[in-house]
Amino acid sequence: AQKDELSDGTKLIDKEEFIFAASGEFKPFSYLKDDLSMTGFDIEVGNAVGKELGLKPVQKRMKFKGLIEGIKTGRADAAVASHTINPDRAKHVAFSTPYYYSGPQIFTRPDSDIKTVDDLKGKEVAVAKGSTYADVAGKYTSNLKMYDSDITALKALSIGRHDAVITDFVTGKSSQQEGFKIKGQQLIERSEQAIVVPKDNPELLKRINMALQKLRDDGTLARISQKYFGQDITKKPE
Amino acid sequence: MNSREMIKIENLNKSFGSLHVLKDIDLSVYESEVVCLVGSSGSGKSTLLRCLNFLEKKDGGSIFIRGEEISPDTHNINDVRQTVGMVFQHFNLFPHKTVLENIIEAPIIVKKIPKSEAVDEARELLQKVGLEDKADVYPSKLSGGQKQRVAIARSLAMKPDIMLFDEPTSALDPELVGEVLTTMKELADEGMTMVVVTHEMGFAREVADSIVFMNDGKILEKNCPEEFFDNPKEERTKEFLKTTALK
Amino acid sequence: MNSREMIKIENLNKSFGSLHVLKDIDLSVYESEVVCLVGSSGSGKSTLLRCLNFLEKKDGGSIFIRGEEISPDTHNINDVRQTVGMVFQHFNLFPHKTVLENIIEAPIIVKKIPKSEAVDEARELLQKVGLEDKADVYPSKLSGGQKQRVAIARSLAMKPDIMLFDEPTSALDPELVGEVLTTMKELADEGMTMVVVTHEMGFAREVADSIVFMNDGKILEKNCPEEFFDNPKEERTKEFLKTTALK
Amino acid sequence: MPSFSHFFQTFISSKGLFLDATLLTLKLTIVSILIGIIFGLFFALLKISRIKILEYISNAYVFLVRGTPLIVQIFILYFGFSGIFLIPDFWAAALALAFHNGAYIAEIFRGTIQSVDKGQMEAGRSLGMTRGTAMRRIILPQAFRRALPPLGNQFIIGLKDSSLAAFISMNELFNVATTLGSNHFDEMTYLLIVAIYYLVLVALLTMIVSMLEKKLAISDR
Amino acid sequence: MPSFSHFFQTFISSKGLFLDATLLTLKLTIVSILIGIIFGLFFALLKISRIKILEYISNAYVFLVRGTPLIVQIFILYFGFSGIFLIPDFWAAALALAFHNGAYIAEIFRGTIQSVDKGQMEAGRSLGMTRGTAMRRIILPQAFRRALPPLGNQFIIGLKDSSLAAFISMNELFNVATTLGSNHFDEMTYLLIVAIYYLVLVALLTMIVSMLEKKLAISDR
């Protein structure tokens, strides 16, 4: 795939634009407004990064599990889509510095006996395809069910299917607020979420990291986080 | 001729939509009588036969079978049909069943006769129509004439009192017509009451006790064969006989 | 009869797989000659005609058109076909084109004649076959006889030197045969060289200059009509004439 | 495009998982076609029942299934059924596919039932059978036989359609392929591998169906 | 199941989005069918070319498309194309669908070309036309005409199949439905709404196709 190349070696699909991808199915990180444009925490971060880069931010929607492939094959310049940094992914794409900190949590129906990861043995756990939660869940049970989005998995859980879902605690919490009959259990581990950039584009990665630092320093990231979560999840927890 | 009335039709009328096909038909058929129904195409012969077997619903008039008036409201038509057998132009054998199975199907399923008994009777009937060696063969392997003889046997297996034939030989190659007519003649000789729609004037003249000539939905003439062929009363009958003679 | 040889066939052979359909055919057709090809079904008449028009590839032998030997290797067969018109039993008019479009199609597309000129000529031809009022009608609206006359006009529009007809009237209702034969007779009277496969013995007798009798892939007899019909030489010819007389 | 040796190695190493998925795909297809046959027969009989209201119901079913994409039907049935009563995942997927196949099978049966010569019903009735008995003993056996080749084709279509069960978390062929693909960040290789599995399955089934057709053609009538 | 008033309100409030999605769905379908017609015609001509190798190519194409699920084809073409050259998403989706439709359309054309009476080619050739000219001027126009009703049906199938473009991020009807559904945590309502959109579209198209069929039947021959 042929891209435009800037003077410093940064490659962009269009030299005027920062095209970033997200799934739009991960409320409140990315979801659709009623005009079908995406909004949410990830999107606002993406917009802020784009502006900071001096480019026009352009959002692009792709199924979550196609995002990494999409970045590799050049369907977007970057993904600002709550990707958790992990070594497998790092073999295929480059990660920016983390722009928020979170962690997978076990969700069950309210009447469930499952409380901790030890209770997951042999249980049926649904996760989103291509998410790191699939790996996490795989450590505790071999009975995995794959969905295209976290919300669909939570929906299935809520109507009585499967025993548990492992997903980001923020996502689970907002689904709960929307009336899904689910309950958060153990927080499994901490994770760092970052922007995904193609490996063959180190200049772009460098510039994104600079932009993120700027946004951290001037409080923009914290402000966006407060807006969506009422707390700042962009600071590394102690 | 026995004088017991097997079929009596009074003032029968039947229309398909706006097409008036049977017009005020009156006809009696007596026990052991062989009635041949003749007439040109479209005159209503098949329809009359099908009304007798209640495959068509009559619009008006009455049909008496052995003195009893039959109507779908008061009678179980399926039971009545068991006493009136029917043989079709295109045989309508069941292609997924062997010859024997074709014959025993209705006795077992409808009359609830034990299978072994049904088989014995079927073999007798097959012998009667000269096809005892074809019992386990599928209909597709039979000639047209053989098919029709099986169809006759199948009908007889229900022990009907009356047999209706609708052009039983007109789908057959000419050289196969004879074997079917022979079987029918034997049946007539045994005293079966028969109503036969046919274009085989030779058969009609030889076997029929009376000939009914239909034209345009009406019975124009009923007579014994000698009178009918040699001394027709109606002008239309003469014309009809002329055209059939040409064939 | 003019002595210029329009078609000369020497030792023509043709097989379909193992079926030897044309066997050592020799035949000459002279300018303005009308040759009628007759013979029983399967004798190879159509195949011979189709070889003349190169719709079938010959297996052996030579075909000369106006003295020049034609072979697909040395000649553009599409050009040759323009000098040899063909009329088919089933007309094969183009159903998606009007009568006029049917006629002007080939002159415009193949001969590259300007459209206005092609239309003028087509109208003349339509007048000739008596269908000038049908120019803008689709073939589906024509009777069989009209269709065949349009097909003849369509063929003539390419100004062929020779016209081949393969049973041009045998797909027609009897009452429509006459109009086509009349058109063909007029064509013959104008001096067109014609080879006609036909079962119309009346036409053959009246119009043909010579009659060729084919049997089992061979030409058994070629003669003038009087001799052919009244004094056939071959035993097979006599038999053939007997069966056609019966029809 | 993946290199051939990489493709080949992946093919070998993923064999076990894909064979399991093949079994699930076949199980899903077989079950959904069998249930679809029951649905299909039921609605075909409604359709030819001569009772207007039953005809309408049958028409509505066929219209709904033919008028919407399979993926929509799968989602609606999967999440919709569950609102009423919960059945295991496999059965939910199988039922959704069966609901879909059933409409097409209903049309197959309707066609073959109506293709049985009308004289067969008349012959049955003239022997004293009721409509129902004649249908059951005379018409349906013949209609079934004729339905075998189109049912075989529907089976092949159903096999391919079962790939959409991936979206309701069935670990059938397509889901395994995309899951492995996204785990190994190598979608293309796994998609090409799964394509081969489908091609082989479809080719085998096509052969079986055409053998069946030939056999029926020979023994027919 | 959602309550009727909730359903109705949602239906009204989502109208704008769904109408846009309908347009995209139609655009995608029309483009993919048009390109599919080109593919189809090309491969149908290969198939009847009498040149063995071209026939094989055409057979292989049809075999590949018929032997694998559409969703597999869409994924392979979407990601596969991208590895070679980047085309806009819409065109990637349209090409993937066209590739699929093309095989079925090729079979439609092959059928209708072969259904044109052999005498038409002979008549053309006897007038001095080359095979190519006769094919172009005489056979194809007739074959096209006969292909219209089956092409109409393929359009309806293609419309429903376009729902799978949702999985490669086209904002067509199905994608909008699932996205809105997951945003509003209310999948069912939106799925039922989108089903109605499809039903109406399919019903309209079915009417058009059957009108077309009647019109052609009248003016035929």
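Which chain is which? They are A, B, C, D and E, in the order written, and residues in each are numbered from 1.
Basically, a contact is a pair of C-beta atoms (placed from the backbone, for glycine too) under 8 Å apart; a residue touches a chain by one contact, two chains touch by 3 or more.
Going by UniProt, the chains are B, C = Polar amino acid ABC transporter ATP-binding protein; D, E = Cystine transporter permease.
Quick caveat, the model's predicted, so the values are computed rather than measured.
Enquirer: Give me the set of chains touching chain A intersected with the set touching chain C.
Expert: Chains that touch both chain A and chain C, as defined above, are E.
Enquirer: Centre-to-centre on C-alpha atoms, which chain is most distant from chain D?
Expert: Of all the other chains, the one whose centre lies farthest from chain D is C.
Enquirer: For this structure, I'd like the pair of chains sharing the most C-beta contacts.
Expert: Top-ranked chain pair by contacting C-beta pairs: D-E.
Enquirer: Of all the other chains, whose mean CA position lies farthest from chain B?
Expert: A
Enquirer: Hey, how far is the Cα centre of chain C from the one of chain D, in Å?
Expert: One centre to the other, that is 56 Å.
Enquirer: For chain B and chain D, what's the span in angstrom between their mean Cα positions?
Expert: Centres of chain B and chain D (C-alpha means) sit 46 Å apart.
Enquirer: CA centre of chain A versus CA centre of chain E: separation in Å?
Expert: 35
Enquirer: For chain B, which residues are shared contacts with two or more other chains?
Expert: none
Enquirer: In chain E, what residues contact two or more other chains?
Expert: 79, 83, 178, 187
Enquirer: For chain A, jot down the residues that touch at least 2 other chains.
Expert: In chain A, residues 66, 69, 148, 155 touch at least two other chains, as defined above.
Enquirer: Which chains touch, pair by pair?
Expert: A-D, A-E, B-D, C-E, D-E
Enquirer: Within their complex, state which residues of chain C touch chain E.
Expert: Interface residues on the chain C side: 53, 55, 78-79, 81-82, 84-86, 88, 90, 92-96, 105-106, 109-111, 138-140, 151, 154-155, 158.
Enquirer: Which residues of chain A touch chain D in the complex?
Expert: The contact residues of chain A facing chain D are 65-66, 68-69, 72, 88-89, 91-92, 126, 129-130, 134, 145-148, 153, 155-156, 159-161.
Enquirer: Quick one: which bits of chain E touch chain A in the complex? Just the residue numbers, please.
Expert: Listed in rising order, the residues are 13-14, 16-17, 20, 79, 82-83, 85-86, 89, 167-169, 171, 176, 178-180, 182-185, 187.
Enquirer: Considering the complex alone, what residue numbers of chain D touch chain E?
Expert: Against chain E, the touching part of chain D is residues 1, 63-64, 66-73, 75-76, 79-80, 83-84, 160-161, 163-164, 166, 174, 177-178, 187-188, 191-192, 194-195, 198-199, 202-203.
Enquirer: In their shared complex, at which residues does chain E touch chain C?
Expert: For this pair, the touching residues of chain E are 117, 119-120, 122-130, 133, 137-138, 141-142, 145, 219-221.
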